[in-house]
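Inspection log for the structure reproduced underneath, given as C-alpha cells.
For reference, chains read A, B and C in written order, and residue numbers begin at 1 within each chain.
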C-alpha cells in the first residue's frame, strides 16, 4: 500500500478534478460522521447534507451538481461512490490474508493453485480443484473435488463450494439419491460471502460467471448459471437449473425458483419470490407490505376470504 | 464401481424393458444436452422433446407412453427419473470420501463410530456421539456431544448438529439462557446439506427420522421432529417444537413456525410461512405474487388500505 | 455444578415459595412429558394442563394463579419460565466446553484472550482480536482480525465474525469492491448461533450491544447496530446500516432492510420484511396468509389484477 497521497496525485491516477487545495495529504478514507485529519470522505446523496456540514474530514468526493455544497478541499467526479471505492483501494488491500497455504489447510496433491493464491487456516481443497492467480480463500472454506475458481476470486470463511446438489427421486415413498457428478465452475473476479453454499451440478456444471458478487448465506443450487456481473445479496436462494442473466441484482432473502430463466438487467427486490421466467429487463417485486399487527390481521383475513369465495 | 454394462445387463438388475439394441455398452449417465457416446440419458417430461431429438446420447430412459418418441436404443420404465437415479448409482458412488477418520479431524475418544464410517478433514465429533455404519461426514462437519446419527447418513460440509437451541426466557428486560440438555437423534439414510444446522433439544431430543433429506442452509430448531422420508429444500427454517409428519415436502425458504403440527403427506410450497397446524394432507401455499415493481406498488397499497379502513 | 438440592434450598437461592414437601431432592430439570424421579418441571401456560395431570416429575414450577392445579410439591413463582431457566442453570453449565485453547485452533499471537476463555477445535482467531473473560467459542468459529467480543459471549460452531461486508459500487457494468476497514464490536453476554455471520463495517464498526441473542443462520450486514437485549431468531437477515433498538424481538426469517431505524421495544413477526423505519414500539407483521394451494391461486390472482387495473 502506498503512503499518503495529495488530492492532486489522486486525480492524476483516478481522474476527476480538484476544487480547493490540491496539495492536501490523504492517508485513509472515512465516513462523513467519523472521518478526521488526513481522511477523505464522500457525499453520494443529498440526504447526508447535514452530515456534510459537520464533517471533520480533510476532503470530500462529490458529484458536479453538488460541488458548491462545501468549502472543503474536494474531488469532483461523476460517480462519487465508485470513485470513493477506487480511492479506498489505493489505501487498503482488497484481501487481507498473505499469499501461501496455511499449514492447517488440507490441500489435495491433485489440486492446482495459481500464483499468489492465499489459502487460509482450516481450508479443505479437494482433488482436481484449480484456483486461479491471486485468489484468496479465507479460513475454513471447503472446495469439493473437481471444482474450479478463476483469478482474483475472494471466498469468505465457511463458504462451501461443490457439495452435492439436492438431487433425489421419489420411488414408493422413499427418496433415491441421484449422484451429483457435475462440478462448479467459477469465473474471474468473483466474491463469495461467508457461509454461502454453491452446489455441484447433477450432470453438467453449476456456473458462476466473471465478476459475480455473492453476499453471505446465499444458496446456489445445482446447475444454476449466474451471469457475469450479477450481484446477489445475503440470504437469497437460487433453486436448481435457474438461469440468471448478466448485470442482474437479486435482493436480500429473495428466492429464485428452479428451471426458469431471468434475462440480463433484471432487478429482483429483497424478499421477493420469482416463480416464473422473466424475459423483460426491469425491477420486479412481490412482498406483503408490513403494518401494525392488527392492521395486518384485517388485510390478511380479507385476502384469505378472496381465495375462498370465488372457489 | 462396475465397468460398462449393456442395456440388457442394466434391465436384468433394475427391471424395465429394452427397445432396440440391448447389447450397447453404457459407462456413465448424462444430460439430454451433453451426453455422448457410452452415456445414457432420460426423458422425464415432454418439455424436453426438442432436446431428445438432438441428443447424442447412446441410449435413453423413458416412460411407456413416450417410448416411440425416439429411435435410439432405450429402456422403458414406469418412473424414468427414479430409474435414472438407480442407473447413475451403478456407475457413481453415493459419497465420494474414503472410509476412515482424516488425521485433521478431532474425534472424542468417547465417540463410537460404526463400520466404514468416513470422517472428513476438520470434522469435530464430541463426546458420546454415535455414528452408524457407512455414514459419511464431509469436511468441517461438527457434531456436538451426545448426538447420534444412524447408518448411511451423509452430512455435507459446514453442517452443525447439536448446537444449543435458542432457549431464552425474559426477565426484567434481560434474557436468561436455558441450558439445552437434550440432544439430536438422526435416523438411517438421512442426508444433510452444506451449512445446515440442527439444534439439540432443550430438555428432550430433536428427532430426524429415517430417510429424511435436508438441503443446504436449512435450520431445524430444538425439539423439532421431522417425520420419515420428508424432504426439506434449501434455506427453509423450522422453529422450535414443530412436529412435521412423514412423506412431506417443504419447499425452499419456507418457514414452519414453532409448536405446531403438520400431518403426513403435506406439501408446503417454496417461500410459504406456516403459522398454524395443518391436519389435512395436501399442498399449501402463501406467497405474494411478484410483478413489475409499479404494479406491485399499487396492489400493495390497496392491501394496506384494507387493513386500515376496516379497523 | 452442585449436587441435588431440596426445594427449600432452591427457593432460598432463587426466591419464590414452596407448597408441599420442601425437603424433596431435585437433581435435574425435565419436560412435563418426560421428567421423572428427582426432576423438576414447569407449567407456563394452561394448554399443558392435561400433561400436568399426567406428569411423573417430582415437583413443578408454576404461577400463583395456577398453584392449586396440582397436588405435587411445587414452587410458586411469578414468571415460571424464567424461574425454570434459573433452576436449570443450577444443575447445568451454560457452556459445555472446558476453558483453554484447543491445540487445533489457530489463534494469532496478536489476539488477546481474557480469563477462562474457551476456544474450541478448529477455531481461527485473527490478529488484534480481543475476547473477554469466560467467553466460549465452540468448534470452527472464525473471528477475523480486529474484532472484539465482550465477556461471557457464547458463539456456536460455524459462526463467522468480521468477514467483509457486501460493499460494491457499480461502474460501467462492473462491480468495484470497497475495502471493508471497519470491524465488529460485540458486547457482554451475547450469544451467537451456529453458522451465523456478522460482517465487519465498511468504514465504521458493526455493533452488537450487551445481552443480544442471535439464533442460527442469522445474517448481520456491515455497519448494523443491534441494541442491547434484542433477540433475533433463526434465518433472519439485517441489511447494511440498519439501526435496531434495544429490547426488540425479530422473528425467524424476518428481513430488515438497510439504512433504516427501528426504535426500542419493537417486535417484528416471523417472515416479515421491514422496508422503512419503525418509530413507534409495537408488533409489526407482513406475511401472506397461507392456504390450500387452490385458494391461494385465486387470492393471488385477484391481488395481481389490483396491481394492473389501477395502472
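Convention: contacts are C-beta pairs under 8 Å (C-beta built on N, C-alpha and C of every residue); 3 or more make two chains touch, one makes a residue touch a chain.
Quick caveat: nothing in here was measured; it's all calculated off a predicted structure.
Engineer: Draw the chains as dots and join the ones that touch; what shape do you get: line, ring, star, complete or other?
Structural biologist: complete
Engineer: Note whether the interface between chain A and chain B is symmetric in residue numbering, meaning over half of all numbers used appear on both sides, and answer same or different.
Structural biologist: Different residues, largely: of all residue numbers at this interface, under half are found in both copies.
Engineer: After a C-alpha superposition of chain B on chain C, what does the rotation angle come to, in degrees rounded to the nearest 5?
Structural biologist: The best-fit rotation has an angle of 120 degrees.
Engineer: Between chain A and chain B, what is the gap in Å from one C-alpha centre to the other?
Structural biologist: About 26 Å separates the centre of chain A from that of chain B.
Engineer: Listing for chain B: what residues touch at least two other chains?
Structural biologist: 104, 122, 140, 158, 195, 217, 235, 253, 287-289, 291, 296-297, 303
Engineer: Residues of chain A touching chain C in their complex?
Structural biologist: 28-31, 33-35, 79, 81-82, 84-86, 88-89, 91-94, 96, 102, 104, 120-122, 138-140, 154, 156-158, 191, 193-195, 211, 213, 215-217, 229, 231, 233-235, 247, 252-253, 270-271, 287-293, 296-297, 300-301, 303-304, 306-308, 310-311
Engineer: What part of chain B is in contact with chain C in the complex they form?
Structural biologist: Spelled out, the residues of chain B in touch with chain C are 104, 106, 122, 124, 140, 142, 144-145, 158, 160, 163-164, 166-171, 173-179, 181, 195-197, 199, 202-204, 217, 219, 221, 235, 237, 239, 253, 255, 257, 268-269, 272-275, 282-289, 291, 294-299, 302-303.
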